[in-house]
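Presented sequentially are two complexes of subunit A, the first with subunit B as partner and the second with subunit C.
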Partner chain A sequence: MKKGSVELVGVVKRYGESTAVRNIDLHIEGGSYCCLLGPSGCGKSTTLRMIAGHESVSEGDILLNNRNVTTLPPRKRGTALMFQNYALFPHLNSLDNVAFSLKIAGVSRQERHSRALEMLKLVNMESFFEAFPEQLSGGQQQRVALARALINQPEVILLDEPLSALDPFLRTRMRAELKRIQQQLGITFIHVTHSQEEAFALADQVVVMNNGYIEQVDKPIGIFSRPSTAFVASFIGGHNIIEGTLTDSGLTTGDERLIRLESTPLGDTDNKAAVSLRCDRIQISPQPFESAQPDPMRVESVEYQGSYVHLRGQFSDGLGLSVFQSDADYLAAPLNAGDQAFVGWRHTDLNPLRPGSDIAPGL
Partner chain B sequence: MRFLTANPSYLQVTPLALVILLFLLFPVATIVIVSFWDFNAYQLIPDFIFENYEFLLTSSVTLSAYLKTFFYAITTWAITLTLGFTVAYYLAFYIRSPLLQGVLFVLCTVPFLTSNIIRMISWIPLLGRNGLVNSTLQEINLIDAPIEWLLYSDFAVVLAFVHLYTLFMVVPIFNSMMRIDRNLIEASIDAGASAFQTIFQVVVPLCKSGIAIGSIFVVTLVMGDFITVSLMSGGLSASVGVLIRNEISLLQYPAAAAGAVVLLITVLIMLSIMFRFINIKKEL
Partner chain C sequence: MAALGKTKRKAGFIPLTIIFILFIVFLYGPTATIAILSFQGPEGGLTFPMNGVSLHWFRQLFEEQQVGDFGGSLTRSLLLGLSVMLCTAVFSLLAGLAYRRSFKGGDALFYLTLVSLILPSILISLGIGIMFDRIGLSPAWYSSAFGAHLTWTLPFGLLIMFAVFNRFNKSYEAAAIDMGATAWQTFRLVVFPLILPSLIGVCLFGFTLSYDEFARTLMTAGTFNTQPLEIYGMTTNVTTPVLFYALGTMTTLFSFTLISSALIAIWAVRKSRARKAPTGV
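Right after this comes the complex of A and B.
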């Protein structure tokens, strides 16, 4: 097995009466980039801090390289935490910040400075070695913080929303930088974020969390093409969630509208069930077409988004859909708010959802 | 007038400048001038002589008074720093609830609702020959005769100073500790630092300015004190302040003024040394 594998077994975190993390099982492969994705308060940061050893575990075990580290102090685990606001020591310059843990370990001044300089070179910050944190920009501070996390050659780097304090332009650049360093060093990165864009761009494995539970663990493609619960589908966005009642021939929604399903693995008939449908997999046209729903939908809003157009519409029976239409299709036959339009999709694009926890608030 | 309308900021600082001029610069200037005057048993004679300084700087009494004052200042400083740092650290890092933090902080300041003199005098029934401490110790047969050095001794003086001035250490140190980002403590633990390493590598450097401000308060207050020393030592030891006060009571104003000027210069030198170590502006 590759070094730096992390395993959580039945991990629970309680704060007094409330439970932040409920019975999590998770395996993270060594040398992979794992993103914990979820809304604020879903327990992702708590999970990260438990792996780091800054938060005690109420129940369960944490294994690093198959070694139980549940009760070990942070430094003994072989992990390094990079804080959300970087937490650089304001009284030390970049070099001494990076060398801090070596100083604690009693490494001689000359050696720790030369090793710290190596790390600063890795993050392209060697020319700022004498600068104090207050003299550095957010992105530069982040690089120094990353160098500080890397200096002890940890097997696992834990990043707590590392990009959230940066402006959007810098965020994309640092994102690429993080991925480059992770691949160059081949160590495990566990990255907490609430941005699905960030998670999709970086991760080998995305862990979607909600309300203290893990909703889904998969590759980014798997998460986006086959979200397993209504929460995941609504949180990552770009999906319609169609709820209805299961019948023998499919899903009935609204006024007897029957949506034919490829298969019905959702449970017993006459039960409530839901499917997700990607907004960009819906075909929309002013004219009826084969596989289109028999009745037209009233277009309620049209938002131009650059490469695509976001149309929201509603059928007369109340079923509402969001459609992403490519800008070429849109320009060929532009639709306006108030128009009637026919929509259709392939049955294989309907993704049955497993009943999960609640839909994310505000989505 | 045109100058003032062109630079209204000068107008804005005028009130404070006048206050400082009247209540600080003018008295100090007077003292400096008087320190060069001559005097005899019943009058002051305007003059320009160096005899006051000559007498002051060559007298062995001055030397021993200065040594005593430095001893008080350094001992009090060391004890109040240790105590103040510990109390502030406890308040800032161990008390999690802001409400309890506020309550305990106010509790620290409660003794300051009574006057200095009363707080000092209240030690006397406690520490005296037949005071509470001695009688209790005798009661439980720990000692046969009363301990003599409890009151009217250097111990009593330093004890009173510590009692009076620890808060001046606690407040600025607590203030600068509260500004320390808690993540820095975690970052230090993450780097493998023990609690003591975290204190000396992270907390102390980050509240250096609080420590310096507290030290300035304590050192200047102790250096200039005469009432605590004469009261708690029972007149047995003399600090520089006591010397000056004695000269004033003998109406030897020029000699007292010379003593005050030398003391002022000494304290200013000590302060300038402290300012070398820290950037006080950062804290304000």
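Right after this comes the complex of A and C.
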């Protein structure tokens, strides 16, 4: 097994009456980049803090390198936590911030300073070694915080929303930087975020969490092409969720509309089921075409988004759909709000959803 | 923007400026007047015009008077102030740390501490004086007055430390613990340096509150007077108040020196940090 693997077995976290994390099982491979993705309050930060050892575990076990660390203090785990607002000590300059843990370990002043300078070089901050946190920009503070987390050669780096304090431009840049450092050092990164864009760009493995549960664990491509639940599909965006009743020939929705399915989703007791359909996999045209639904949809809004156009529409039976049309197709035959348009899709693009989870709130 | 500000002032600017200037004159005028008058010639004189210019009264200040012992009382006041300051800082810090977590009886203890702020000073002074008398101890500036001063400075110190720890970002401590620091190392290397400026504030506060305290010392000082008591005694006995003018000038000068040295120290630290930080990028 590769160094730096993390395993959660039946982990539960309760705060008095309320439960933040409900029975989580998760395996994170050593040397991989894992993102915990979910809305605020889904338990992702709590999970991270339990791995770091800053939060006690109510039930279950946490294993690092197959070693049970559930009750060990943070420093004995081989993890390093990077805090959301970096928590750089304001009274110490960059060099002493990075060298802090070496000072604790009793390393001589000269050695800890030379090792800290090495780390600052890794994050391209060596020229700022004498600067105090208040003199650094957000991105610079983050680099110093990363160097501070890296100096003890941890096997796992835990990052709590590391990019949320940065402006969008810097966020994209630091994202690439994080990935570069992770690949260069080959250590496990576990990164908590609420941005699916960030998770998709960085992660080898995305863990989507909701309400204390894990909804889905997969590669970014897997998450986006085959979301397993209605929550995942709505949280990552760009998907329509079509709910209906299962029949022998497919999914019946609205009054009479029958949607043919490639594979049969699991229905609940009432035979209710749902599928997801990517907005960019729906063809839309003012003229009817072969795979189109028999009746046209009324276009309700048209939003220009640059490379694509976001159209929202509704059929007369109430089924609403979002469609991402490429700008080339849109410009060839522009649709306006109020127009009638035909839509269609390949039935292989319909992705059956696991029942029993709620849709992301507010999405 | 600057040009705009010059051309268009808000309607209230001139009257408010006049009020502000009057306030400043009211605040510092008497001090300035006394400072000038303290340089009177040896013949003395309470008002303008001055009878010559000399340092006569400053010399007088440090010679033992028939009716008062200025040097001795000053020493006592300084010693008392410093010990009160030290005790206040240590106890406020420890209490502040204790109150970061709720503990049994914490609220009651807090209100009990605040009671001594609300009670009239003279009553506390009287009470402590009577208590010492009952026990059969003779009150002195270093025992009963010391305790009386602490009833005044401790609640203030505690309130300041509450405010400090309320604002204190706990992630600094979590970060230190994440890097392997023990509880004591976290305190010594992170918490203490971060709250040090506030602790110095508590010290200055404790010292000044004790140094000029009159009412709480009145019944507790015993045989030897602290400076405020001595001055009060002198006002009823000394023939010329020019001596007080000199005294006022000296104490004001002392305070200003203290404040300016603190400001200079802060400025020096800022400057040295700014010099070290690279300017580029």
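Of note:
Following the convention adopted for this analysis, the second predicted complex is superposed on the first by the 357 of 363 C-alpha atoms of A that agree within 3 Å, B and C clash if a C-alpha of one lies under 4 Å from a C-alpha of the other, contacts with A are read in each partner's own complex, and residues count from 1 in each chain.
One rule holds in what follows: contacts are C-beta pairs under 8 Å (C-beta built on N, C-alpha and C of every residue); 3 or more make two chains touch, one makes a residue touch a chain.
Note that the structure is predicted; figures quoted are calculated from it, not measured.
When the two structures are aligned on the shared chain, A:L81 is found in touch with subunit B and with subunit C. Of the two partner chains placed around the shared chain by superposition, subunit B and subunit C are both touched by A:H54. By the touch criterion defined above, A:F100 reaches both subunit B and subunit C.
Comparing subunit C and subunit B on the residues of subunit A they touch gives the larger count to C.
With both structures placed on the common chain, the touch criterion links A:H91 to subunit B and to subunit C.
Taken together, the two complexes place residues 52, 54, 73-75, 80-81, 83-85, 87, 89-91, 100-101, 103-105, 148, 152 of subunit A in contact with subunit B and also with subunit C. Every residue of subunit A that touches subunit C in the complex is listed here, in rising order: 52-54, 73-75, 80-81, 83-85, 87, 89-91, 93, 100-101, 103-105, 127-128, 130-132, 135, 140, 148, 152.
Interface residues of subunit C facing subunit A in the complex, by the touch rule stated above, are 169, 171-172, 174-181, 185, 189-190, 193-194, 273-274, 276-278, 280-281.
Within the complex, the subunit B residues that touch subunit A are 181, 183-184, 186-193, 197, 201-202, 205-206, 208. By the touch rule above, subunit A contacts subunit B in their complex via residues 52, 54, 73-75, 80-81, 83-85, 87-91, 100-101, 103-105, 148, 152.
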